[in-house]
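Presented sequentially are two complexes of subunit A, the first with subunit B as partner and the second with subunit C.
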Partner chain A sequence: MSFINYSSREINCKIVFYGPGLCGKTTNLQHIYAKTNPDLKGKMISLATETERTLFFDFLPLALGQIRGFKTRFHLYTVPGQVFYDASRKLILKGVDGVVFVADSQIERMEANIESLENLQINLKEQGYELDKVPYVIQYNKRDLPNAASLDEMRRVLNPMRAPDFEACATVGKGVFETLKAVAKGVLTDLKKMGR
Partner chain B sequence: MFETQLVMHEEDFQKILVVIQRLVRDANSKGIFVVDKNGQLISEAGELEGIDSTSLASLTAGCIAATGGLAKIVGEEEFPIHFHQGQRDNLHITLVGSRIILVVVFDERSSLGLVRLRVKKAGAELARIFEDIEQKAKLEAASGSSPFAEITDDDIDNLFSD
Partner chain C sequence: MIAACPKCNARYRVNPIHIGSDGARLRCARCQAVFRVRAPESAGSTAAARPAAAPIPEPTPEHDFDRTRLVVVADPEEDSGKRTAAALSEWGLQSILVHDGVEALLTIQRQLPRLVVLDAALPKMYGFQVCEIVKRNESLRSTRVVLIGAIHQSDRYRRPPSELYGADVYLEGPDLPDGLLPILRQAGFPLVESAAAAPAPVAPPQPAVAVPAAPPIQAPAQAAPVAIQAPAQAAPVAAPIEAPAQAELVTPEAAAPAAAPVVADDPLAAERSKAERLARIIVSDIILYSPEKFDAAIAAGNVAEALDSDLDEGRSLFQQRIDPRVRDERNFLVEELIRVAREKGMQ
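Let's turn to the complex of A and B:
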C-alpha cells in the first residue's frame, strides 16, 4: 500500500522478496545494501536466528530519486523462507506494492520453489490480492551452481504467467539490481495506472 | 479488496503535528511517532527527532503485526496497547483506529499512568483526523485525481538511468 505524502513530497512503496528457505532473499538485500550509495539507503535490519536464518524479516529502506518532484522511497522486506514461518510471511505481505519471487535454481529445490510459489499465491489471496494483478517479477538465483535446472525448465514450471524474469547469482550480485529495477518499475507503473 | 492508498496532504500533516507536539508536552515524553501499520513513518515530534525513525517505524509495525497474530490465536481481535519497559526509556504503543500506530517514548520524567491518560485523548483526536484522511482519499480515488496519472514511461526510465 503505497503512502503518498504531499507534505514531504514523498512516495513510499513496499516491496517483498519471497521464496523458499535458503534461496537467497537476504543475500539480495545484502548486495543491494553493500552497493548502494550511503546517502540513498537507511540502515538494514535483519531479524534473524543465531544461525543467520531469517526469523521474522529483513528490512532495507532505499531512495531511488525523484519523479515529478516526489522523492521515491522503497522499503524492501524479505520473508522467512522456512515452511513453518507461514504466520510471519502473511504479516509481512500486508500492504505490499510489489513482489519479487526468488527461486533456487538447484534442481533438487524445485519442489520447494513450487511449494513457496503456491504459498505466496494463497497468502496474497487471503488479503484480496491476485498474483497476476500485483507488480511481480521472478529471479532465478544460483545460476552458477552445477546442479542448476535449465532456464527453460525453470520458466516452464515457475513462470507460466510470463512475468518479467531474471537470472541471478546474488552472492556476487549478478542480476540483483536488474530484478530490483524491474519490480520498482512495475510498482511505479501501477501507481500511474491507479492515478488514471 | 485493496485498502485505500494512504495520501497525506499538507493541512492534514499539520493537524497531526499539532496533536503530537501537544502530546509530547502533556505526557512529558521524549518523543512521539505516528506510524502506518504497513511500517511507514507518518510523523514525529519531540527531542528524539534525528534518530533512525525509518527503522523504528518498520520494527513497530512488525511488533504490532506479530502481537496482532498472537491476539488472534488466543481469541482476541487485537492487543491495542503495548508497553515495553527499559532501564532508562520506555515505549508505549497504541493502535489508533484500524491502521495507525502511536508510539510514545518516555523516561523517568513521566509515568505510565500519565502517558496512558494523555494518549487516550490524543489517540481519539488522531483517529478522527485519519478518518477524514481516509474519506478524502476515497473521494480522490473515485474522482481519479492523482499527480501520478501524469507520470510518463520516460519519467520512470529516467529514475533508473545510471
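Let's turn to the complex of A and C:
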C-alpha cells in the first residue's frame, strides 16, 4: 500500500519484481538504474548474503507526473528467487503496490516459473491481495536464448488472466522500460482511483 | 511380497516362491545397496515345494484391449481428445483418452499401448516429461510416441521437441486427427479406412490416483538372473512408486523373482507428484546457483555428499510443504540430484 508523505508532498509506491531464481529480476533493476537520470534516483542497495541476493533501490521519476500535487516516488525491489527463500519473499511483498513477474523463457525453467507464480499468488493472498486486483505485468525474459519456449506457449501457461505482458532480453535492456512503464501506469491508475 | 531397500526405501515386488529358505539378496538399482530379503513364514514351505521353473505371469492388461490396435490419447482438452479418439475409432483402432500427464503415464505403463498421442503441455506432468520417462523404460521400447505441440507455429520451439525428448514423431495440434493417419500407416497399424467399422473410444479404466492393480509384468527373456523390468532410470517426475532400473537378484541360486514396479491403491499419488516436482525445482535452483560446485562434484562422483549442505534449505522447505507420509518414503532431493548428475554424465 502506497505511503503518502505530506511534508514532502510525495506518494511512495512499492513495485516488486518477482520470479524464479536467475530469471533476470536483478538484471532488470540494474538496467533501470543504469539508464535513469542520476538526479531522479536514489541509492541502489543490495541486501545480499552469500547465497541470497535481494536488490532494492528507489527513484523518483518526475516524468511520470503528479497526482493532486503529490510527486510519485517508486521503490523497486526484487525478491530472492530460489524456491526455499519464501520467508524473505513474504517480507519483501508486504505493502506492495505493483508486481512484475519476470519469467525465464527457457523451457527447462518452465516448472520453476509455474512454482514461482503459484507462490506469488499464495503470498499475496496471505496479505489479503488478489493477483487480478493488484497492478501486475508479466515479462518473458531471455527471449534471445536458443531454448526459449514460444511466446504463445508462455502466455498460455503463465498468463491466463491476460495481464499486460512483454518480451524482454534484460541483459541488453530490451523490454525492460516497457515493462516498468506498464506496471507504473497500473499503480498510478489505482492511486487516482483511490484519490477520487 | 514387497521388499524395501533399507537404505533408500525404494520398494520392489518380489514373488516369495523365488526366495529360498535362507532368503535372497537384492541389489537396489537406485542406491546400489545390496540387501537380503526373507520369505514370509507361510511362504517358506511353499518355496521348498515349488516346481523347478515357476510360471511367470504374462502381462495382464485390465481390459480386453488389443495391443496391436491400442492408442493412448493424452489431450488436456476434452473436445479435441474426443475428436482424435473418434477418428481412431473410425480407422478401426482402440483408444484410451486421458487428460493429464500423470494419468497418461499410469495408463501407458498399465496398458502398454503401441502408440501414444501425447500433448506437450499436459496438466500435472508435461507431455515431454512423460515422453522422456516412456523412452527410458525398457518395457515400453516398442511404444511409439507422437508429441503434439499445442500451438500451430513452426517456430514454437527453437529446438525440435522430438530431438529434445526422444519422441518418435512431432505433430502440431491443429493437424490432429488427420495428421495421425500417415504416422499410423507408417507404424503398420491395421487400419480400416472407411468410416463404419470400429469400437467406440473407451474411457480410462481408473483415475490416475487410484490404480487398482500392478502393471503388466514383462516376462524376462531368460531364466536367471532376471532383471526386474522397470523404467531405465528412477523417474524424475510424478509417478507411482517404481522399481528403478537394473534391480536384480545377485544370488545365482535364487530363481526368477517375478518382480514388477509397485503400483498399489495409492491415495498419496498426488502428494508424491507434488514432492517430486518440488524436488526438481529445488535441485534445479541449487545447480543454477552453484554450477561450478555441481560440475566438480560430478567429476568427483560425489554430488550427494558435496552438495549436502546446499540441500539443507531445501530439506526444511520439504518439511513444511510435503506430507510426512510421503516425505519419509525416500530421499526425494538426493535422488533428484543424482538423477540430474547422471544425466550430465556422472558415473
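Definition applied: the second predicted complex is superposed on the first by the 176 of 196 C-alpha atoms of A that agree within 3 Å, B and C clash if a C-alpha of one lies under 4 Å from a C-alpha of the other, contacts with A are read in each partner's own complex, and residues count from 1 in each chain.
Simple rule for what comes next: a contact is a pair of C-beta atoms (placed from the backbone, for glycine too) under 8 Å apart; a residue touches a chain by one contact, two chains touch by 3 or more.
Since this is a predicted model, take the numbers as computed values, not measurements.
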| item | value |
| --- | --- |
| Superposed partners subunit B and subunit C on subunit A - clash or fit | fit |
| First (subunit B), second (subunit C), both or neither touched by A:146 | second |
| Partner chain(s) touched by A:14 [first = subunit B, second = subunit C, both, neither] | first |
| Subunit B versus subunit C as contact partner of A:84, first or second or both or neither | second |
| Touching partner for A:112 - first (subunit B), second (subunit C), both, neither | second |
| Touched partner set for A:160, first subunit B, second subunit C, both or neither | neither |
| Subunit B versus subunit C as contact partner of A:94, first or second or both or neither | first |
| Subunit A: partner with more touched residues, subunit B or subunit C | B |
| Partner chain in contact with A:75 - subunit B first, subunit C second, else both or neither | first |
| Superposition-derived angle with apex at the Cα centre of subunit A and sides reaching subunit B and subunit C, degrees in steps of 10 | 130 |
| Touching partner for A:191 - first (subunit B), second (subunit C), both, neither | first |
| Contacts of A:38 with subunit B and subunit C, given as first, second, both or neither | neither |
| Three-chain overlay, closest Cα atoms of subunit B and subunit C, distance in Å | 13 |
| Residue numbers on subunit A that touch subunit B, as the complex places them | 1-8, 11-12, 14, 42-43, 45, 47, 56-57, 59, 61, 64-68, 70, 72, 75, 87-88, 90-92, 94-95, 128-129, 181, 184-185, 188-189, 191-192, 194-196 |
| Contacting residues of subunit A [partner subunit C, same complex] | 20-22, 51, 81-86, 107-112, 115, 145-150, 152-153, 156-157 |
| Subunit B - residues contacting subunit A, complex | 1-3, 5-10, 12-14, 36-40, 42, 52, 54-55, 58-59, 62, 65-66, 68-69, 141, 144, 146-151, 153, 155-156, 158-160 |
| Subunit A-touching residues of subunit C, taken from the complex the two chains share | 121, 126, 150-151, 153, 155-159, 164, 277-278, 280-282, 284-285, 288-289, 313-314, 316-317 |
